[in-house]
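Before anything else, here is the set of structures, which you'll find just below.
Next come two complexes, and both contain chain A; in the first it sits with chain B, in the second with chain C.
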Partner chain A sequence: MTDGVARKTGRWALLSPRTRKNLSVAGVVLTLILAWELYKLIWSSLGWIRPVRPDDVVMPHVWDMVIELFRPVRRGGNLLILDLLVRSLWTLREAVAGFVVGGLIGFGLGVLFVRSRLAERAFMPYVVASQTVPILAIAPMVVVWGGAIGLPQWMAVAVIAAYLTFFPVAINTLRGLRSPDPNSLELMRSYAADPSAVLWKLQVPSALPYIFTALKVSATAAIVGALIGELPAGFQNGLGRALLTFSQQFAVQSKKLYATVIICAAVGIFFVGMVTLAERKFVPHRETLEPEGEMLARASAGG
Partner chain B sequence: MRVVDAKGVGKTFGTGSESVEALRDINLTIDPGEFISLIGPSGCGKSTLLRLVGDLTGPTSGELSINGKPASQARSNRDYGIVFQKATLLDWRTVKKNVELPLEIMDIEDSAAADEMLDLVQLGDFKEHYPWQLSGGMQQRVAIARALTFNPSLLLMDEPFGALDEMTREQMQQEVLRIWDETETTVVFVTHSIPEAVFLSTRIVVMSPRPGQISDVIETGLDHPRDVETRESPEYYRKVTEVREALRRQEGHG
Partner chain C sequence: MKGRSRWMMALIIGALVLAACGDGDGDGDGGDGGEAVECESVDEVRLQLQWVAQAQFAGYYVANDLGFYDEQCLDVTILEGAVEIVPQTVLATGGAEFGLAWVPKALVSRNEGADIVNIAQVFERSGTLMVSFADQGINSVADFAGRTVGNWGFGNEYELTAAIEQEGIAADVELVAQSFDMLALLNGDIDVAEAMIYNEYAQVLEAVNPDTGELYQPDDLSVIDFNDVGTAMLQDAVWVNADWIADDANVDIAERFLTASFQGWIHCLDNFDECVQVVLDNGSTLGESHQQWQLNEILGLVFPATNGIGVMNESLWDQTVEVATSQIPELDGVEISDDAYRTDIAEAAIANLDGEDTDGDGYERRDIELREGGE
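Up next, the complex of A and B:
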């Protein structure tokens, strides 16, 4: 018995970190599915209805949600999953456009604030205040104004995504630009470096880990912004509309709503995944190479 | 021409009742090629004096000229190489790229300079490594190479070996003397270690606290090159004792 456990942990340790991570994620997903189905099974066999009624409308089987994806949206229509994938592309376009614009604005504000205390004092309160206004209250206004100046609908939605994106990026950029060691700044001073050299050679590289943390938060926020923005825009093509339609038809087609939620989650995960890939590329990670570290220590002792 | 010429230099931080007088009436001249140590108890203003020389902060009274010009002018002319207690290397740059940083900023095209400096500090085999792959002593050697890569006339070192263990420390002192000998730079070196000051310096500036003042200037007069033998010679011990007594006299006064 103990032998078996030891062998198992041994094998687990032998797997690559990547495989271990993937297996853990799969484990979490499976556990959640299992919990959902167990709840359904136990509650319905005992006749319990609280906190949630375990019937097939409120809590459809997980496999039914997945099967629903491969049924036509309506009689003679496309498969639901195809419809949702097309919608995902629309929503992603709004989110990505808003994310890029919002990210650039956020970065620009961070740079402005680190350069000028005056600008920080003048504008920061408004930047913070902008985030205390509920997005749902602003979205219709943006859409109306966007229409008035002839902006395509998807761009108006992108503006809402940008609105949610810029804030975390601005705050974290500012923090990151202020993160270098004071001695590093003094060295720059001793080289008589001009401000732009200090910014690009020292401050921005130091800020990258902070900025990418913000971008990961913003990636999900941009998707939320796009979904929410689609509603008052009356935008027919995106995932937001699908969510709205299927939630109105919940009593008869709850499986469609759940299936859509799964696709929305997948879109969010995909977006964050892309940002994480970019982070791996641009932010060098300290690998802790124990064996080589020891080797170097020996080499230095010898030399 | 004097490398450093300070006449009646004082430095007070803050104003009014909150103000702290860090340095008072500092008179000091340093000639080219000297190795000067600033030593004293904490709060004696030795680091502040170094920072004044390097124009990292300005004096509140007196006159200070570096290579015959104001300190700010000397800084614009890139007369200073600075090494702090922390190596402060940039994590995202390789060792070689770190050493090339000042050259990039100064727009100096010299592809060989970094290699030469890394050979000088005996890290030629580690050019493509990243700082976090090196030991503390090696990182500090990279910092020294970086400070020298643009041939500054004055090397300022603020307790550069304070964070290193005793063995590495003695090795590094030997290295610094060799580099000083090979590059003929003038060095101002802040330390709180008496043996370190005696082993390295041509002259030792002993400072006393509250407010920071120069209490003694001691010529070491030990022969060059200095090595392990020097550390065991009677002259060395005599100088160590002399500096220690100079520091102890202050306690009597203070």
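Up next, the complex of A and C:
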């Protein structure tokens, strides 16, 4: 018995770190699917309907959701997955635009705050307050204002994505810029380095791990912002519209809704994955702040 | 590992370029089809819908896609409705020239300060039903007594509350909030559900009856139609901002807009399948048989049109005002002025359509075969 466990642990240890990580991710997904199907099986055999009805409308089989992706969206139409992939590109475009704009604004605020305590004290409360206003309340206003000044719909949506993006970046940039060792700062000063040299040669490099951590959080927030923003915008080409029409038809189309949710999550994971790749390129591995598996899990939960 | 990440980078860059190049924001410019018309100038106008593209708005999409608006020298952008978009507000703030709204909701908005005018009452009948399973024996409003009755709220419940009051059973009916899907009825959580004849009612018929393994059939259901109960209120109508329509040049634009829109609706009488296809082309997630059902029923709400399409039926207006002022708390004791609607523009539009079937007298509903999930 003990022997078996030891041997298993041994084999596990023999696997490369990468394989081990992939296996654990797959394990989590499998466990979730198993839990879903077990709930369905047990509840329907016992005739329980609380907390959630186990029928095929409210809880379709996981494989039925996946099969649905490869059925036509309607008779004679494209496969659902093709329709959703095209929609993903639109939603990604809004999210990426919002992510870039929000990221730059967040970085700018971080730099401003580290330069000026006065600015930090004056603006920080509003930066924090901005995130306590529900995005659902702001989104319709942004859409109306955007329409009034002639922004295309997708840009109004991008503004909403930017709104969710800038905050984590601003906070983490500020923290990162303050992270260098005081001794290093003094050394720079002793060389008579001007503030911009201190910023770009010392503070920004040491802030990068913090900034990338924020960017990974923001990547999913941008996707969520884009999905939410599409609803009041009446934007018809993105994933948000698919979510809306399929949820309206939930009683008869629930598999399509779940299939769309799977694609939305996949888009979020994809985006975070891209940011992680960029992080590997720009930040030496030992300096990353958190194990990326944890970040990915958090990101996919959010997306 | 290095190669892999480079490959992924290439993939995302490719995807983003594709997304950035993608064009066609969905604002229709029509243009194909129709006769070539020489326009001295083209007027750009916007139409705000109450909801996303579906057969409920077929006439406007057909007029746009088949070039009827072009023939009237109009460039119409159809703004789809969405969550939290109220067409009356959009009209009042100048976000669109034309908007669709139900009469009672628009009366509330008028009372709240949105100065808007009904220029075409396109739907002459109400599409609201109360649906229950036939074996429950609920065949009239009087049978609601002692039952759990679902309704959507948000101003969609007044035909129901008026009917219950008319029957004198208000104290015996348990009114409960219902979501826009029909699960509560299908699962037996409520006895009677509110349903639009062109949407939620069809959804029930697109669901599988677990007892038979087949789709539910109309015989399985008992339907109460508010048009028969006498508390029906007028629904989809074209509204404009009162200030905007005070300008004669805009009256001319409105006349041309209604001419082409009416032409779109009339076109669907004889070109049913083409009109369904136009709707499907404007929304890739829509189901075909569901949209066929919807267009069939929507045409039944428009036609036959007593005074010609879009021209107000005065007795139904009076009935709507009476129910609205007695049921809607915001309109309690409010005098609804006669300038809330006008018929001259719609009448002029009908005169422009000489020779067309503007009252659709012979309209009869087709038999539509719904498929599971409305596909």
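Simple rule for what comes next: the second predicted complex is superposed on the first by the 282 of 303 C-alpha atoms of A that agree within 3 Å, B and C clash if a C-alpha of one lies under 4 Å from a C-alpha of the other, contacts with A are read in each partner's own complex, and residues count from 1 in each chain.
By definition in this document, a residue touches a chain if its C-beta (ideal position, glycine included) is under 8 Å from a C-beta of that chain, and two chains touch if they have at least 3 such contacts.
Source: prediction; values computed, not measured.
Asker: Of the two partner chains, chain B (first) and chain C (second), which one does A:Asn183 touch, if any: first, second, both, or neither?
Answerer: A:Asn183: touches chain B, not chain C.
Asker: Between chain B (first) and chain C (second), which, if any, makes contact with A:Ala192: first, second, both or neither?
Answerer: First partner only, chain B.
Asker: With both complexes superposed on chain A, which partner does A:Gln131 reach: first (chain B), second (chain C), both or neither?
Answerer: After superposing on A, A:Gln131 lies clear of both chain B and chain C.
Asker: Touching A:Gln236, do we find chain B (first), chain C (second), both, or neither?
Answerer: After superposing on A, A:Gln236 lies in contact with chain C but is clear of chain B.
Asker: In the superposed model, which partner reaches more residues of chain A, chain B or chain C?
Answerer: Counted on chain A, the partner with more touching residues turns out to be C.
Asker: Which partner does A:Ser44 contact after superposing on A: first (chain B), second (chain C), both, neither?
Answerer: neither
Asker: In the superposed arrangement, which partner chain does A:Asn78 touch: chain B (first), chain C (second), both, or neither?
Answerer: A:Asn78 sits against chain C, while chain B stays out of touch.
Asker: Thinking of the overlay built on chain A, is A:Thr220 touched by chain B (first), by chain C (second), by both, or by neither?
Answerer: Neither: A:Thr220 stays clear of chain B and chain C.
Asker: Just checking: does A:Phe250 make contact with chain B only, chain C only, both, or neither of them? Give me first, second, both or neither.
Answerer: In the superposed model, A:Phe250 contacts chain C only, not chain B.
Asker: By the touch definition at the top of the document, which applies to A:Gly147: first (chain B), second (chain C), both, or neither?
Answerer: Only chain C; A:Gly147 stays clear of chain B.
Asker: Counting contacts the way the document defines them, which residues of chain A are shared by the two interfaces, the one with chain B and the one with chain C?
Answerer: In chain A, no position sits in both the chain B and chain C interfaces.
Asker: For a test of understanding, state which residues of chain A touch chain B in their complex under the given definition.
Answerer: Residues 181, 183-184, 186-193, 197, 201-202, 205, 284, 286, 289, 292-293, 296-297, 299-300, 303 of chain A touch chain B in their complex.
Asker: Taking the complex as given, what residues does chain A use to touch chain C?
Answerer: By the definition above, chain A touches chain C via 53, 57-58, 72-78, 83, 89-90, 92-93, 96, 139-140, 144, 147-148, 152-154, 231-237, 241-242, 244-253, 256, 270, 273-274, 277, 280-281.
Asker: How about chain C: which of its residues touch chain A in the complex?
Answerer: Of all residues in chain C, those touching chain A are 5, 8-9, 12, 15-16, 18-20, 22, 25-26, 52-53, 79-85, 93, 95, 180-183, 186-187, 203-204, 206-207, 280, 282-290, 371-375.
Asker: Going by the contact rule set out above, which residues of chain B touch chain A in the complex?
Answerer: Checking each residue of chain B against chain A gives 54-56, 75-76, 78, 80-82, 84, 86, 88, 90-92, 101-102, 104-106, 122, 125-126, 129-130, 132-135, 137-138, 150.
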